[in-house]
Amino acid sequence: MPAGFSALDFYYILPELLLTGGAMVVLLLAVLTPRNDNLLLGVSLGTLVASVLSVSLFSGLDVTAARGLLAVDSFAAFFKFIVLLSAGLTMLMSAPYLRVEGLKAGEYYFLILCATLGMMFMASGVDLITLFIGLETMAVSFYILAGFLKPNPRSNEAAVKYFLLGAFSLGVLLYGMSLVYGATGTTSLQGIAVALSGQSPSMVIVLAVVLIGAGMGFKIAAVPFHMWAPDVYEGAPTPVTAFLSVGSKAASFAMLLRIFVEALPAVAADWSALFWVLAVLTMTLGNIAALTQSNLKRMLAYSSIAHAGYLLIGVVVGTERGVASMLVYLGVYLFMQLGAFAIVVAMRRSDVVGDELKDLGGLFRRSPAAAFMMLLFMLSLGGIPPTAGFMGKVWLFGAAVDAGFVWLAVIAVANSAVSLYYYLRVVVFMWMHEDAQPGSPLVFGPAMTVALGIAILGTVVFGIYPQLLFEQAQAAAGTLEGFSATVALR
Amino acid sequence: MMEITPAHYTILSAALFSVGLIGVLVRRNIIIIFMAIELMLNAVNINLVAYANEVENLVGQVFVVFVIAVAAAEAAVGLGIILALFRNKETVNIDEMNVMRS
Amino acid sequence: MAEALAFYTLSVLILGLAVAVITTPNTVHSVVFLVLNFLCVAVLYVFLQAEFLAVIQVLVYAGGIVVLYLFVVMLVNLGRSPEEHQDPRRLGLIGLGLSGAVLLELAGIIAYSYTREQSPPVTAAQASPVQGNIEELGWLLYTDYLIPFEVASVLLLVAMVGAIVLARRES
Amino acid sequence: MSNTANFPLLSLIMFTPLVGAVLLLFVSKHSEDTIRWIANGFAVLGFLVSLPLWFWLDVATTDWQFVEKMDWIPSIGAQYFVGVDGFSSLLILLATLMGVIAILSSWTAITERVKEYYIFLLVLQTGMIGAFVALDFLLFFVFWEVMLVPMYFLIGIWGSSNRLYSAIKFFLFTLVGSVVMLLGILAVYFYYHEVTGDYTFDITKFHALNMPFDLQWWVFLAFFLGFAVKVPMFPFHTWLPDAHTDAPTAGSVILAAVLLKMGTYGFIRFSLPILPEATQAFVPWVVWLSIIGIIYGALVAMAQRDWKRLVAYSSVSHMGMVMLGMFALTPVGVTGSIVQQINHGVSTGALFLLVGVVYERRHTREISEYGGLSKVMPAYAAVFLVMTMSSIGLPTLNGFIGEILILQGIFVVNKVWAAFAATGIVLGAAYMLWLYQRTMFGTVDNPKNEKLPDLNLREWATFTPLLILAVWIGLYPKPFLDRLDTSVDRVMARVNSAYMPLNALGQGAVEPNTPPKVLTLEVDSGDTARTPVRGGAR
Amino acid sequence: MDFIWLIPLLPGVGAAINGLLGIRYFSKVLAARIACATMGAALLLSLVAFLELLGLEHREHVVTLAHWIPPIPLETASGIGAFEVPWAFRLDPLSGMMILIVTGIGFLIHLYSTAYMDHEPRGGYVRFFCYLNLFCFFMLTLVLGSTFLVMFVGWEGVGLCSYLLIGFWYHKQSASDAGKKAFIVNRIGDFGFVLGVFLVFYTFGTVDFREVAEAASHMPVEVAGFGVVSAICLLLFVGAVGKSAQIPLYVWLPDAMEGPTPVSALIHAATMVTAGVYMVGRNAVLFEHAPMVMTVVATVGALTALMAATIGLVQTDIKKVLAYSTVSQLGYMFLATGVGAFAAGAFHLMTHAFFKALLFLGSGSVIHAMDEEQDMKKMGGLKYYMGTTFITMFIGAIAIAGVPPFSGFFSKDEILYRTFLSNKWLWGLAVVTAGMTAFYMFRLIFMTFFGDYRGPGWKHEEHGGHAEEHGHTWHGPHESPRLMTVPLMVLAVGAFAAGFVGVPAALGGGNAIEHFLEPSFVATSASHAGEAEHAVAHLSHGAELALMAFSVLVGLAGISLAYHLYVRRRGQADRLAANWSVAHRVLLNKYYVDEAYGATAIDGTMASARGLWTVDRRVVDGAVNGAGWLTRALSWVSHVLDKYVVDGLVNLVGWICQEGSYLFRRVQTGLIQNYAVATLFGVFAFITMYLVARYVGV
């Protein structure tokens, strides 16, 4: 162990270590017992659970570890919960999918765990290098996962698109980071904030803001950096799409918040304006483009773009309330989006792809439970009470109103109305159309049942009693703000 | 003009970055596009190294190490993807990859 | 003066080779130009007192990555040129124009910043227990940046697994 | 607060239908009659448990009654806070009654997907009641939006030809309005926090809040959009004819009788008392929109060939009248407005039921398809006549009381407005009588109409309560008017101090500069005894 | 006397019983009995009440049952008052007289109807009685109501019943059209009425007649200007115009003859249409304070009287003649009230109720006898077949023609006298009208009962053929059954004798009715209004008698002219109209004073009458229909507006969204490099945005 490093540093990264270890075990098991899917799933889930438990060990803590490269605070914990939960749900819904598609579970779960690992570093990193390496770990995993259906040209294409554009945007992001480093001489977020405080921001920093914004905008699929998203979402294996749209997005938002709120408060006015435009463009284009989609995954892709737009409101606002409401929204988004994708996964059977809107036709007759759950997810995505999506929207828009971004709130509100049009189209297909195929009713395996159960539980419970989520989000946002506040004091 | 400042390196880097950009945007061979992306990453590296030199700490260089590592990882994965794609479509022309659109 | 001369020579080489990379119709030529480009960059690193980087630039890039490229180029060698088919909707020219515009903006802002604005604050070099670039870098990597370093190793593992998964021919 | 009695009456009323809905989930969808019996049973039960609202309501007190209050989302200050006054108790009773009627009227009309149908109706019922009892703004909004979904399904699944379009139109229109309203709610919420340091959605506290005019102005606009779409006021009404026309009978009945009242309820409960100055400033605008609505709705109704659409447009006209009375900002006008809300529920609800009766028999709503029904369905014609007369405000029937109060209330404010509005009396008679003539009078030209059976016992059961109500309110509205006394006072105290001296209700107004501590004490002092305001007056 | 609320309620109960149970279950006889019994009871109660009223010193009794609308605070002209409406009924001389008329004539007509409507199937029969009872309920509420709004209950209610009864034979398009027209035109009047009521409340803070009168009596008479009282009166008068079929809202009444004849007699002659007159009389104090409106009332009355009379001259439908006659007579009543002779108006109201009900019932008897034939051209000589009907109708005609000592003479003469005192021009119009009235009434009598039988079918049948033109066998004109003739006889007695309650002083009478009614027309506490009435100038008895004689002469002239044209020289009128015979033109010229029209006067009158009839049909009615058409057109325009503009805007937004969606889909080309270009464009745009913001300074 090198000097200056203590065991404590490794203690603080216990969740990550557990995750890494678990991933290695999964990889080994994949070689040793390649066809034992259930075991692999069990080990992977166990890893996640262990990780979750170890994350909760540090609840309430607000320290930096690993020589100031990682923060162990409520903000990180919140995002770690989110990404771990989304990874878990993704795995649960993957189990039947992998069977239908005949995919190798070992590598798949390994990659998911590694992606999760990357996300966790994105959530807790407080240094550009940590954040960057976490981002890449996640991204590379996803490049592979997107192309996991090798015989499927769509999956290939999705992988190519995601990969090329991801690499391209990585270049842009890194260029921005290099400019920041050049201007401040450090990669530590705290250091950057200190270096920038008390001077008028130079144009180089603004340039860096734009470039980093573009790079992060790519990851969260903000318009106009979103164009990969629909194609990739459509082509990638459905559970991967789900994970991409939730886990990757959440982690990217964590990183985005870390960079902009913690490192660049000096140019807050500039990036706030940038994200204002991005938010408006993203939600509007996302929603409008979703209106006429006939492919369910593609529609959900646009919907997820639109949701990124809503989430950006929290960034624009930039206040503690804004961040908190954004976290709340991410929390509920996790359940509803994954739930919706879980239904799409469940539609996939050996003979049916099930991701076209018309495949949902008459779903109500085939499987009332699935139709009902999908209804709840759609309503939640549209922000109709008593689902969690409503509570999320209320707080997000409320934060905007509170901070005086009334027009942003109005645009968001109008957008959420537009969005209901296509969410309701899904409902129309399920409930008011005739059977697409008079197939047998949908069968949920145990894993899928658990996944859907968790998703629906989250969607409904947080819709009716969101107190828990609110508390956690507020605490998390508090630590993020507190960090930058201490910077300001120094 | 004769004194080489970090600005010179930065502008070189910007130019290299732009060449990379152009390569990404205009070529149709995926492999070449990928190489153009490597050029962009190199531009970043030049930047980082130049700044590290200027601010007299090595963080920039550490950063470059990671960038190179990432570039290597991406190259491996990217080329794997290209191979998988090629098996299916018998092409590396990027314009033929638009099964999914609108 | 010599520094300037070397810089400009290298710059011309780097940019020229880069342009060659993206303009050569032949993929193999392109790869060769890329290697040369990387080598020139490595030389530039030496000028910037980053000897370790220069070394890994040669080892990793020129030695590793580019060889990988060559393999792939060989593997996917096709009968027909990859550039044969062109989609009419592609926005190549606009991309060219935008790249140029962005370059102008980048260069303009940087030049302007360095001439008009104060130079960025220079943080004092961290007191480091070792001397020499390579040692110092090694020290940093294995102390302060140990965790990212470990993560990078995971990343490389992921890439390895991924490459195998993707490139493996299904039986 | 009186009438608490440690018994969660309001929750019981609210959740009884929901319990029914949940119960229905576990009934096999093939045993349709069981489903019908359960649904009807729970609807009746829901009505019965709401009856204490009529008998136990203390008409003299200005306090909120049957209050239940507990924390819901403490971190944002939202509470489960419900309670009623005379106004909302009447609307709840209307909702529970119309629920019974709507569910009963569907017995034979709905033969497909029976189970879901009743589940949606019952959920809708809960949503409506919840919105009427909520005294927490967020809670209100939740229920307000919850209503959309079942209604959407009712129209979209069991509706007629153009149902999908109508359903989505209904949904989106209402939604757009309500989300903008949500922004207004949030603005009030944050302003309250700014002034007092407390986060709360407590309406009773908002009722004592004095906001600066500029903010009020904007918030009013936001509320207005939300409520006006629901009312619906011209020019936000276009969803209504479509929704009504394509909805199944029970849906139309509920929509007309209760759902539209949400908008007017919102105005009286929220816009007027929370935003008094803005309300006053907007009076001319709203009044003119209402007048346009009255005349325009009537004129468009006249041009309709579709029976249901005609009734739907008549709703636009009538609700214009309701809005007009409200924005007279006089006790008589507001009272009239509330009475007219109930009247509209009774008479238009009945008219939709009536259309449903023949639609079920003939499956067409084209007026030209009918004619001479008096001959074949005399009882039907008689009921239709009474409801037509109720709708056009014939004295001794309910519509008259509302109209006369509204017009008198607005007359003392502005004679020109009253004169314009009163033209609605003439136009209303014109289109309703013409409809009556075209459908009921003349010879039975259409052979399909010759054998139509007259009202059966079940249909009588749906109409009887409405007929009784129509006559009761027409002849002896005093019990209803008495209940509205304090509710109207509460509004008047805020918007029109000419009638109620400020703070007559004992509510300390929140001044922007008052220190938070003192203020919260004062605002919270809801339990202190308050003197009845115009004790001697009635 | 606290039972007076029972008077309206009894027929109401009858209607409720028949309506709820009768239509389905009762036999004809039972239903008729219930209806007649309730009406009879109401009549008895009315008589009792009336007698008790005579014994009261103040001649007034108010019964308040309950609060209808409890007090609610509302701003008035004098501060915040309380809007409050009790269910209150008031018996005073005017309403006392009215309830007697309504219950009395109503009862007779009930009786009459039991026979007249016998052809109806059971359901319709019971329904008819239900409506009739309901009408009486509302009419009695109208007259007994102690506040404007209770009166309005009756006011609208009778409109409803009128609607239902006109459209009783709803399968006839014309009948249902007429019913609808009646209701809607009435509603136009009501529009004015309610606004008037609102203004009353705003001005006086109450809607109670007595309190309003009290308050009004303290206000100055608006001689010079058009003040608030004038506005109230004008608005109320609009209501009266609608209800009592005056210019320009009279158009519904002739059409209303589509209803069964007893209905015409009861509603459209004796009771409902007089509600306007009653209402103006009820608010005498108010109107007296608005002299300008009084002038308007008188003028409208006189013009209506004249115009309707001229139209009546040429009608051949027996009921239409009577209808125009009713309009004309109502004009008379308004003329009376307009010149301040409220008592005279009420007096005429009463006598008119008798003779017009008589005439209508008689015509009903005739129609009944002629098997639903209403065209007088197809009648004639009926006096040989139906003596009772003939005699009673003849009495009615004499009464309306103003021949002493029949009732019409006294009431009409009182009006003429008071008009003469007030306005000579109006008097002139009134006299002309009186002459015409006599003419057309006797034209009716002569055409119907005198001369040869001109009817169809039956003669043919008598000669052996057995025509089955109608559903049932018709055995030729015949006297109606006893149940119909008895009411005729009773009414004939009334038509003869009713005038004796108002014998003027000039003829040695005491004008009892005027003194009896007077308390109703003054405010109790303030006598100066009453004084104003007393201050009306008087003519000497001699002059009064001369006027009387003149009007009688005019009436007789009319009768003789009719006799001349329709009996002595039968067919002359037709030939006149056809050939424009010079001789008769000269003869007839004497009737009219206008020398300028010379030889063509009667023809001109005829022509103008016909023209007016045309005008009435085409223009006035046309205007009404035109207004209807305009409304429809407007409604269609609104409909189109709603569909394409208001809704169109909404759909436009949807369309834009959708097109936008397609546009974005087109951008989504699937080409990776285009996506990269978009990204780059984003970067470029943002950098440019900041550059512009920073260095250009936006």
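Per-chain residue numbering starts at 1, and chain names A, B, C, D and E are given in the order in which the chains are listed.
By our rule, a contact is a pair of C-beta atoms (placed from the backbone, for glycine too) under 8 Å apart; a residue touches a chain by one contact, two chains touch by 3 or more.
For clarity, every value in this text was computed on a predicted model and none was experimentally measured.
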item: Touch-network distance, chain B to chain D, counted in steps; value: 2
item: Shared interface partners, meaning chains that touch chain A and chain C; value: B, E
item: Chain nearest the overall Cα centroid; value: D
item: Greatest separation from chain E - chain, by CA centre; value: C
item: Centre distance in Å when chain A and chain D are each reduced to the mean of their C-alpha atoms; value: 42
item: Distance from chain E to chain A - Cα centre to Cα centre, in angstrom; value: 78
item: Distance from the mean Cα position of chain E to that of chain D, given in whole angstrom; value: 39
item: Centre-of-Cα separation between chain E and chain C, whole angstrom; value: 101
item: Per-residue overlap in chain B, given as positions that touch at least 2 other chains; value: 6, 10, 17, 20-21, 24-26, 30, 33-34, 50, 52, 54-55, 57, 59, 62, 66, 70, 73-74, 77, 80-82, 84, 87, 94-95, 97-101
item: Touching two or more other chains - residues of chain D; value: none
item: Contacts with 2+ other chains: residues of chain E; value: 665, 668-674, 676-677, 680-681, 683, 687, 691
item: Every chain pair meeting the contact rule; value: A-B, A-C, A-D, A-E, B-C, B-E, C-E, D-E
item: Touching residues on chain E, where the partner in the complex is chain C; value: 669, 671, 673-674, 676-677, 680-681, 683-684, 687-688, 691
item: Chain E residues touching chain D - in the complex, by the definition given at the top; value: 19, 23-24, 66-76, 80, 82-83, 123, 127, 149, 152-153, 155-157, 160, 163-164, 167, 170-171, 173, 175-177, 179-180, 183-184, 187-188, 190-191, 194-195, 198-199, 201-202, 628, 631-632, 634-639, 642, 646-647, 650
item: Interfacial residue positions of chain D with respect to chain A in the complex; value: 72-76, 138, 141-143, 145-146, 148-149, 152-153, 156-157, 163-164, 168, 171-172, 175-176, 179-180, 182-183, 186-187, 189-190, 218
item: Complex contacts: residues of chain C adjacent to chain A; value: 105-106, 109-110, 112-113, 117, 120-123, 142-148, 151-152, 154-155, 157-159, 161-162, 165-166, 170
item: Parts of chain A lying in touch with chain C, wherever the complex brings them together; value: 2-5, 9, 13, 20, 23, 27, 66-67, 69-70, 104, 107, 110-111, 114, 117-118, 121, 127, 129-130, 133-134, 136-137, 140-141, 143-144, 147-148, 150-151, 159, 182-186, 191, 195, 202-204, 207
